[in-house]
Amino acid sequence: WVSNEKVFYRSGVAQIQFADQKQEFNKRPSKIGRRSLSRSISQSSTDSYSSAASYTDSSDDETSPRDKQQKNSKGNGDFCIKNIKQADFGRREIEIAEQEMPALMALRKRAQGEKPLAGAKVVGCTHITAQTAVLMETLSALGAQCRWAACNIYSTQNEVAAALAEGGFSVFAWKGESEDDFWWCIDRCVNVEGWQPNMILDDGGDLTHWIYKKYPNMFKKIKGIVEESVTGVHRLYQLSKAGKLCVPAMNVNDSVTKQKFDNLYCCRESILDGLKRTTDVMFGGKQVVVCGYGEVGKGCCAALKAMGSIVYVTEIDPICALQACMDGFRLVKLNEVIRQVDIVITCTGNKNVVVRENLDRMKNGCIVCNMGHSNTEIDVASLRTPELTWERVRSQVDHVIWPDGKRIVLLAEGRLLNLSCSTVPTFVLSITATTQALALIELYNAPEGRYKQDVYLLPKKMDEYVASLHLPTFDAHLTELTDEQAKYLGLNKNGPFKPNYYR
Amino acid sequence: WVSNEKVFYRSGVAQIQFADQKQEFNKRPSKIGRRSLSRSISQSSTDSYSSAASYTDSSDDETSPRDKQQKNSKGNGDFCIKNIKQADFGRREIEIAEQEMPALMALRKRAQGEKPLAGAKVVGCTHITAQTAVLMETLSALGAQCRWAACNIYSTQNEVAAALAEGGFSVFAWKGESEDDFWWCIDRCVNVEGWQPNMILDDGGDLTHWIYKKYPNMFKKIKGIVEESVTGVHRLYQLSKAGKLCVPAMNVNDSVTKQKFDNLYCCRESILDGLKRTTDVMFGGKQVVVCGYGEVGKGCCAALKAMGSIVYVTEIDPICALQACMDGFRLVKLNEVIRQVDIVITCTGNKNVVVRENLDRMKNGCIVCNMGHSNTEIDVASLRTPELTWERVRSQVDHVIWPDGKRIVLLAEGRLLNLSCSTVPTFVLSITATTQALALIELYNAPEGRYKQDVYLLPKKMDEYVASLHLPTFDAHLTELTDEQAKYLGLNKNGPFKPNYYR
Amino acid sequence: WVSNEKVFYRSGVAQIQFADQKQEFNKRPSKIGRRSLSRSISQSSTDSYSSAASYTDSSDDETSPRDKQQKNSKGNGDFCIKNIKQADFGRREIEIAEQEMPALMALRKRAQGEKPLAGAKVVGCTHITAQTAVLMETLSALGAQCRWAACNIYSTQNEVAAALAEGGFSVFAWKGESEDDFWWCIDRCVNVEGWQPNMILDDGGDLTHWIYKKYPNMFKKIKGIVEESVTGVHRLYQLSKAGKLCVPAMNVNDSVTKQKFDNLYCCRESILDGLKRTTDVMFGGKQVVVCGYGEVGKGCCAALKAMGSIVYVTEIDPICALQACMDGFRLVKLNEVIRQVDIVITCTGNKNVVVRENLDRMKNGCIVCNMGHSNTEIDVASLRTPELTWERVRSQVDHVIWPDGKRIVLLAEGRLLNLSCSTVPTFVLSITATTQALALIELYNAPEGRYKQDVYLLPKKMDEYVASLHLPTFDAHLTELTDEQAKYLGLNKNGPFKPNYYR
Amino acid sequence: WVSNEKVFYRSGVAQIQFADQKQEFNKRPSKIGRRSLSRSISQSSTDSYSSAASYTDSSDDETSPRDKQQKNSKGNGDFCIKNIKQADFGRREIEIAEQEMPALMALRKRAQGEKPLAGAKVVGCTHITAQTAVLMETLSALGAQCRWAACNIYSTQNEVAAALAEGGFSVFAWKGESEDDFWWCIDRCVNVEGWQPNMILDDGGDLTHWIYKKYPNMFKKIKGIVEESVTGVHRLYQLSKAGKLCVPAMNVNDSVTKQKFDNLYCCRESILDGLKRTTDVMFGGKQVVVCGYGEVGKGCCAALKAMGSIVYVTEIDPICALQACMDGFRLVKLNEVIRQVDIVITCTGNKNVVVRENLDRMKNGCIVCNMGHSNTEIDVASLRTPELTWERVRSQVDHVIWPDGKRIVLLAEGRLLNLSCSTVPTFVLSITATTQALALIELYNAPEGRYKQDVYLLPKKMDEYVASLHLPTFDAHLTELTDEQAKYLGLNKNGPFKPNYYR
C-alpha cells in the first residue's frame, strides 16, 4: 500500500511487466504455501507477507472462517472474519489510529452538515488495517454504505476486521486466506441480493478485475473507480488503451501528495528505521551506494548523508543525475564503488539493478536491500546456487555466504525494506486515505460529462485540500491571499494555486 | 536573465501583471534617467542595472557609439559598440567563461562533423556578456549567422561586445544605451539589406515585439522563436491566446533544467552571497522568515538552515506549506514572527507581501530583501514617506530610519537580491545557454508539422540532453540501461527517461 | 555500560549523589523483585534491566546454577553459568561481534609477537556480552589470565557465558542473579586458591568495593584498577580524596574517545532508533524540546534537525547555550514551549528536569523520554498518583492518562531510552573495549613511579592509538608528518598530537 | 586578530617557529616595502595587509603624522594620528559596531554603579578598528585610563583613530606606518611623564617585548598582561619557561569562547564568503579537499558539505580523523584526491601541507587557499619559478599558469583567506573583546596571590559570563538551576557549570 517506485506508463510496459511479475510469482509457490494459483490474482495480493506478519499472530483455532456461523452482538451476520470476540481490541487500535489521521476526522466533522456520499454504495478491496478502518468509518459518516474485502491474503488485522464487523460493516477478510478464500471474499462483497455497488475503491485491481470478469453489467451503475496501487493503475491504463474502460477511474497513486510525501518523506525515515531494526548498523562513516535518485532515492540519500554516511548515487536519467551532483553526491557506476561500500540500496523501479556479478564483488559484511519496486531490483534468484550458503540470522535478515567465507547481509530477500522491516507512520497513510476519500467524493458527485471513460489524476485543488487538512497537525498557519494579490496572480483565493503540471 | 519567481499562466494573468509592471515602471522614470519612455519597452530591459554596474565601468569618452565610425581589424564595420580597442580584454573574459560552459564547448566539438544550424540566420536580443558570447560563438560554430542586440540598456559588457565585433559578429550594443538607442540597435539587427532572420532568440520579448510591429512580414520566413524570460513568455502566451502567434515558440523558461537548477541551486548559494556582500551579517543563530516555499524559497531556506539560522516560512499553497513542515520549518503568518526576526526574505512571485504595516513592526536592524519577482514583493514605495529617513550606507544598502531611531536595512531597494548584490555562477548560465542553443536547433530542424503556431516546452529528451552535457564537469558517470532493462521499463535506452509531466 | 550523562567531579558531589541514588533505589524494591538489599551494591548493577531483557530469554529450568555440577567438554569446572550446552550458539554471537571490533582483533594480531599482558592476572566485573567476550579473549591472547563476574544481575548473555566457559574462562555469571548470587559470583572470582589478581577491570565499582572490604591485602599485589562507569569513577575519586586509594586507577570513562564518540555519535543514532522502535513516530515536522546541550544533547538535536524536526533547547550553561544558538536552535525555558511540543527529551545529567507541573501542561500525545543520567531527570514518581491511569501499550511504552483523557507517552519509565529501547552498535562498544585493554596494558607495564595512588586519565597518546585502530574500518588513510613538519610543530611524528587538555 | 590555527605549546616549539617565521619574513622584504627590519617586530604586525587594505584608503597627503601638529577640538594634543578631521566619519563606524557588540554595551551599563577598572592605567597595542574603539571606550567607562598603539602597520582605520583622539584617547597609530613609526608609536604610549601603565593589553607581544627591553622597571607596577594572539602567547610561555615572566599573564587566545566560537562558527561562514567573493565559484557538486580537521577544518567542512560540495579530509591526528569519518567525510591522503578536486583548503597550523609536487598534479582551474596558520601552509614560494606565469586576475586572486596552459587559482597568495578576502562579523569580534575586558578586570582586581608569575587561562566562570552576555542577541533564555538541582550536581547556581578541562 506504500509503493516507492517511480512510475512508467508507456506503450507495452504494463503488459511486459505483468507477465514478468507472474513469472517471478510462479517460481516460488512453495514459499507462500498455496497449491493452485489462479491466473488473475495480482502480485500485490501476496507480497507484503512479512510486514503483515509482524502485526498479528494467527495463533487461533484452525477452522476456516467460511465454515463458521458468525454474528455480531446486534445479531447481524453479513460478514466473514476470524473472530468477532477480538472486536474490543480492534476498536482500541482504531482509536489510536484516529489520533494520527486528523484529516479524515476533520472530514467527518464537516459531514455532520452535508453527506457528500449519501447514496453511495462503495465496494472496497484494500489492506484491512486500523487505518483502513478509519477510512471506512469516515466514508460511512459521509453517507456511504460499504462492503469490503482484503487485497492481500496475509495483511488483514483480524482484530480490526472484528471491530468493523461488530460496528456493522460487511467485511469479508482474515489473515491467511487461501487463494480460493481470496476470491470468495471479493465475490461476497459484490454478489449480494438487493445491493449493487456504485463506486469501487481498489488497491491492486483484483476487485475491478473480478467485476469485469464476472459481473460486467454492474458497470452500468458504477460511477467510478478509485485505484491506489501502481499495479492497479497499470491495469486501468491497459484497459483504457484497449478501449475497454467503461467508467471513469481516478489514479490516486500519482497525486502530488502521494508522490512527494509518501516517497520522499516516508522513505527518508524508513530507510534508517529498516536498516537499524534489521542490522543495528551504525550509519556514521559508512559508505553507501544508492541506485536511483528519484523521490525514493532522494529520501534515502538525504537521511543517510544527514547521519554521517558517505553516499554514492547511480542514475540512468541525466536530470536526476545532475540533481544528485548538485546535492553533493558522487555519481558513479555501480562497479566503481561496489568493492568498497558497506551498504547497497536499490530505488530504481527497474529490474536486475544489482546482479550476481555485483554481489560477487561486494566486500564481506556488505548489506544489500531494496527500497524500490517489488522484488525485481536485486537478482536474488542468482544467489540461490549450490556454492552459496544461506543462513537466516534474524527475521528478514539472511547471511548469504560465499565459499571463501564472505558474507552478504541480504534484507527481506530483496523485497521492499520499508514494508517488510519498518513501520509506516499512520500520518503518511492518512494522506493517502484522505486522497482516496476525496477521490470517491469527486467521482460520485461530478456532474455528467466532467469525467469520461478514462484514467484521471486528482484535480490539483483536491490535492491542495488534502494537504491543507494535514496542516493543523503541525500547528501550521497558512497565509491567505488578499483580493489584490489574488487578482495580481490571476488566482482564485481558494486555489488551485499551482498549474496542473506543477509537481 | 535569471528569474526566480514562480510562474503563473492563467487567464488574464499576463495582461494584468503587465499593466501593473508598466505602472511601477512609470512611477520612477527619474531613477533611471530617461524622459520619454516608449510604451513597449519591457521592464526587464532596465531592471538589472546594479548587477551590470558591477561588471564594467563606463569611464570612457562621451561620444555616442552611434556617432562613431567603427571598424574591426579586418575592416568589417557592420556593428556598433563602445570601443573596439577593448577586444583583447573581452576575449580574455570569454575564454574564462568558456571554462565553465562545458556543454556549449561539447556542442562545438560535435559540430565539427555536422552543422545543425547551417543556413540558420539568428537574430538575438539578450544580455551581452561573456556567457552570451560563448553561446553566440557556439551558434556560429554550429553553422548559424548571428546578429545581436542587447535586451537591457545597462547590462552590456563593452569589452565583450568589442571582442565579438572583432570576431566578426554584428553586434549592436553598449552599456548605457538610451531608450532610443535601444530600439535603434534592435532595428539594426533586423533591418538589413540582403539578410533576413529565420530564427529569433529573445529575452524579454522586445525583439519579437519590434518585428511584430515593424516587420510582420518577416515571420513568413521565421521558423521559430526561443524565449527565455518570464515576461517574454507571458507575451507569447498572450499572443497565442489572441490567435496572433504566427510561428512556433519555445518556452525555455519553464524547462525542467531551468526551473530546478536555476531556482533551487542558484538561490541556495546566492542568498548567502547576497546577504554577506551587502551586510556581513552572521547567519548562525539568526531568526529569518522566508515568504514563499517554491523552488526559490526552498533554496533560501535550505542554505540558511544549513548555516545555523532559525527559519520560519509563510505560504499560501497548502502543498508547499506541508513540504515546509516536513522539511522542518515552522509555518507561520508573517505577523506572528515579524517582531522577532532578524532577516525577512520574499520569494513569492506575488506583490505586497511585505507592506508598511509589517515594516513598522520589525525590530531595529532587521534586514529586508527580495529574492522573488521583480520589485513588487516589498512595498518599497510605502517607505518613501516624510517621517522616514533613508540613508545609503553602501552600494545597494539603505538604512530606512524611523522617527524613534529604529533602522531597517533594505537591500537593493527591494529588487532581486541575487541579481543586484551577488554574482550568478557561469555554470548555471551555462545550463540556460545550452537549453537555448538546443531549442534553436530543435525548432530549426523540426520536420514540418511537429510544431504549430503555439508555445512549446522543450521536449523532455532535450532537457535530459542538456543535463547530460553538464555531467562531465562533476566527473559524473551515468549508468546505461541494458537492453533487458529498457524493455522491462518500456523505455528507449537513450531516453527520454521520464514522462513529460515529470518535474 | 553506555553512560550518556555529563560528568561532575566536585567536592561533595559524589557523596550526595550516591546517597540520593540509594534512596531512589530503595523506593522501588518490589519492581526488581528482591527482598533484602545489601548496602553496597551499586545502582548500575540493576538498572539496565530492560535492555538486557531484550537479548536473551530465561526460559530454561529453575535450578540455580550454583546448585549444579558444571563441566565443559574438556572437563574443566572452574566456572558457574546457566547452561554449558548453549556454548555453540554463544560462539556464533562472539564471531559476529568480532567482525565489528577490528581494533581488538588488530591487538590480537600484534600480540603474536609480544605478549604485553604476559603474567597479568585480571579479575573483571562487567556486563557479560558478546562484546565483552571479544575483549576477554583478546586479553587472553595478549598473555593475561582472566576471571570474570557480571556487573549487573540481568545483563548476562547466558549463551556467551557458556561459550567463554567452554573456551576455558572462569566465568561466574548468569542472567537473573539474586543479590546474594551477585556477590557470590564476585567472590568466586577473587577468592580462589593459588591465584591472586594483579589487575582489576571494573564497571560500577562493585568488584573494587568487594576487594576493599573483604580482601584489602590483595591490593599489595595489584598494579592498578581500570574503571569505566561514571559511578565507579565517582567512587574512586572519593577514595582518592579520602586518601584511601592504594593503587593507581585509570578513569576510562572520561577519555576523549569515550566522551566524544560514545556520547555524540552514538546518541545521534540511538535517539532516532529508540523513538522509532517504541512509538513509530514520524520525525518530519515534529516539534521537539531537548533539555541539555552537552554531547548527548548535541547528538540528539543534530539527528532530529536532520530528519526535519523543529528542535528547541534548554540549557543552564551559557557556553553550551551559545553553541545551541549558533547551531540554529531556539534556546528557551521549558515552560515556553511545553504546551506545543510533540516530544520532550532530557539529556542533562541533572534531576527533576521534567516535573509534574511540566507534564500537566503537555499536549495530548506528547512523548517523554530520557537520554541522560539514570532515571532521575524525569520525575516519574510524580506521575504515580491516583488520578492518573497508566496503560502499558508496548514493552517500554506507557500511556499515562489524565482525567480529561489526555495521554502522555512515557518511554522506558524515564530510564535511559537508548539502553532500554534501541541497540548500541558493536562498533561503539569496540572503542570502549579497546580503551579498557590499552589501559590495562599501560598500568601493567608502566615503570615504577609513572603512576601514583591516584585516578588518571588515559594518556593522550593511547587515546590516539585507540582511534587509529578504528580507522581501517572506514578505509581511512592517515597522513604522516614529515620530519620537517614534526620539527616545525615540535611534535613527535607518532604523537601525541594534541595537548592533554584538548577535547 | 582572528587566528584560525590549532595551538601547540611544547618544548622548543615557539623558538623554532619564531625563527622560522622571521626567515619567511625576511625573504620578501620588498613586498612590504621596508628596508631595515628590526629584529623584534612580530610577524603578525605586518601580515594582515590585505584585509586592512579593504577597509580604508590612504589617499590622503604624504606628510608623516609624526611631523604634524595635532589637536582635537578640545585642544588636547596627546595623540598622533592621520587626520583628526575624519573623526565624525569614524564616530559613525563606531556606532554601527556598538550595535553588534551587546556584551560590551552591557558591561558599560553595569559600570554605572561600580567601576571595576577605577585606577587602572591600560596600555594597549592591538588593531585599531571600530570594534577596538568600542572596547577602549568600554574600558574607559569601567574606570580605566588608556593609551593605545597599533599592533600592525597597515590595519589602523584612520577615521576610527581620529574619533578616538577626538574623544580624548591618547592614540598613536595610522595606516601605513613605517617600522620606525611602529616602535615610535609604542614608545609614545608607555614613555610618558607622569603616567605609568599598570595593565597591558597586547596582541602579538610587541608592546610587552618593548617594555621588557626598554623599561623593565615598569613591571614593578604592572598587575598583569592580557595577550590575545597565538604568537604573543608563545612568547609569554617562552618567558615563563625561562623564568623571566615577572607578572601574571592571561592567555585569552585559548579561552573556550575564543576557540569554539571564533574558529568553528566564524570559519563556517567565512570560508563560503571568502571563496565566493574571490572566485564566484558554485559550491554545489564541487569536490573539495580540506587539510586538517580541527575547529577550523570542522567549520569549513560543515559549510561546504551543507552547500552540496563533496568534501575529503586529510588529518595527522587519529582522533580528529575518526571524527571526520563519523561526520561523513572520506579521510584520504592528499595525493589520493589531488588530481580530481576543484578546491584545496588548508587548515592545519602546519607548514608545507601543500607543496609544489601537489600543485603540479592539480587539475586545470583548481582553487587553492589557506584558512589556517599564517602563510606557511601552502608552499607559495615554490610557485615563483621561471616556467610558471603569474597573472593577477582580481584583487587577492592570482592565476598561476603552467607551461601546458593549466591554471591554478591561488587566493591571497596563501595568506589567511578569511582575513584577506572576507569580512569578520563584528559579533565574533565582540566575543573576543569582551573576553579581553573581563581578563583585564580579573587581573586588576584579583586578590594578592591568586595569580603568580605565570600564564593563565581565563577562569571557566568568566568564560561562561562572556557567553551569557551574548545570549540576549539571540533572544535566548537560559534556565536556572533550582537549589535542589544545584545541590544534586554539587554546583553553585551561578556557575561555573563545567570543570576547567571542559572544552
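Per-chain numbering from 1; labels A, B, C and D assigned in written order.
Throughout what follows, contacts are C-beta pairs under 8 Å (C-beta built on N, C-alpha and C of every residue); 3 or more make two chains touch, one makes a residue touch a chain.
Computed from a predicted structure; not experimentally measured.
Asks: Between A-C and A-B, flag the pair that has more C-beta pairs in contact.
Replies: A-B
Asks: Comparing centres built from CA atoms, which chain ends up most distant from chain B?
Replies: C
Asks: Among B-D, A-B or B-C, where does the C-D interface recur, judging by over half of the contact pairs matching in residue number?
Replies: Duplicate interface of C-D: A-B.
Asks: Report, in whole Å, the distance between the mean C-alpha point of chain A and the mean C-alpha point of chain B.
Replies: 42
Asks: Go ahead and note the Å separation of the Cα centroids belonging to chain A and chain D.
Replies: Going by mean C-alpha positions, chain A sits 59 Å from chain D.
Asks: At least two other chains touched by the same residue of chain A: list those residues.
Replies: Residues 265, 284-285, 307-308, 325-326, 330, 474.
Asks: Which residues of chain B touch chain A in their complex?
Replies: 7-13, 16-17, 20, 256-257, 260-261, 265, 314-319, 321-326, 330-334, 336, 349-353, 376, 463-465, 467-468, 470-471, 474, 476-482, 484-485, 487-491, 495, 497-499, 501-503
Asks: Looking at the complex, which residues from chain A come into contact with chain C?
Replies: Residues in contact with chain C: 99, 265, 268-269, 272-273, 276-277, 280-285, 287, 303, 306-308, 340, 364-365, 422-423, 425-428, 473-475.
Asks: Report the residues of chain D in contact with chain A in the complex, numbered from low to high.
Replies: Spelled out, the residues of chain D in touch with chain A are 284-285, 305, 307-310, 325-330.
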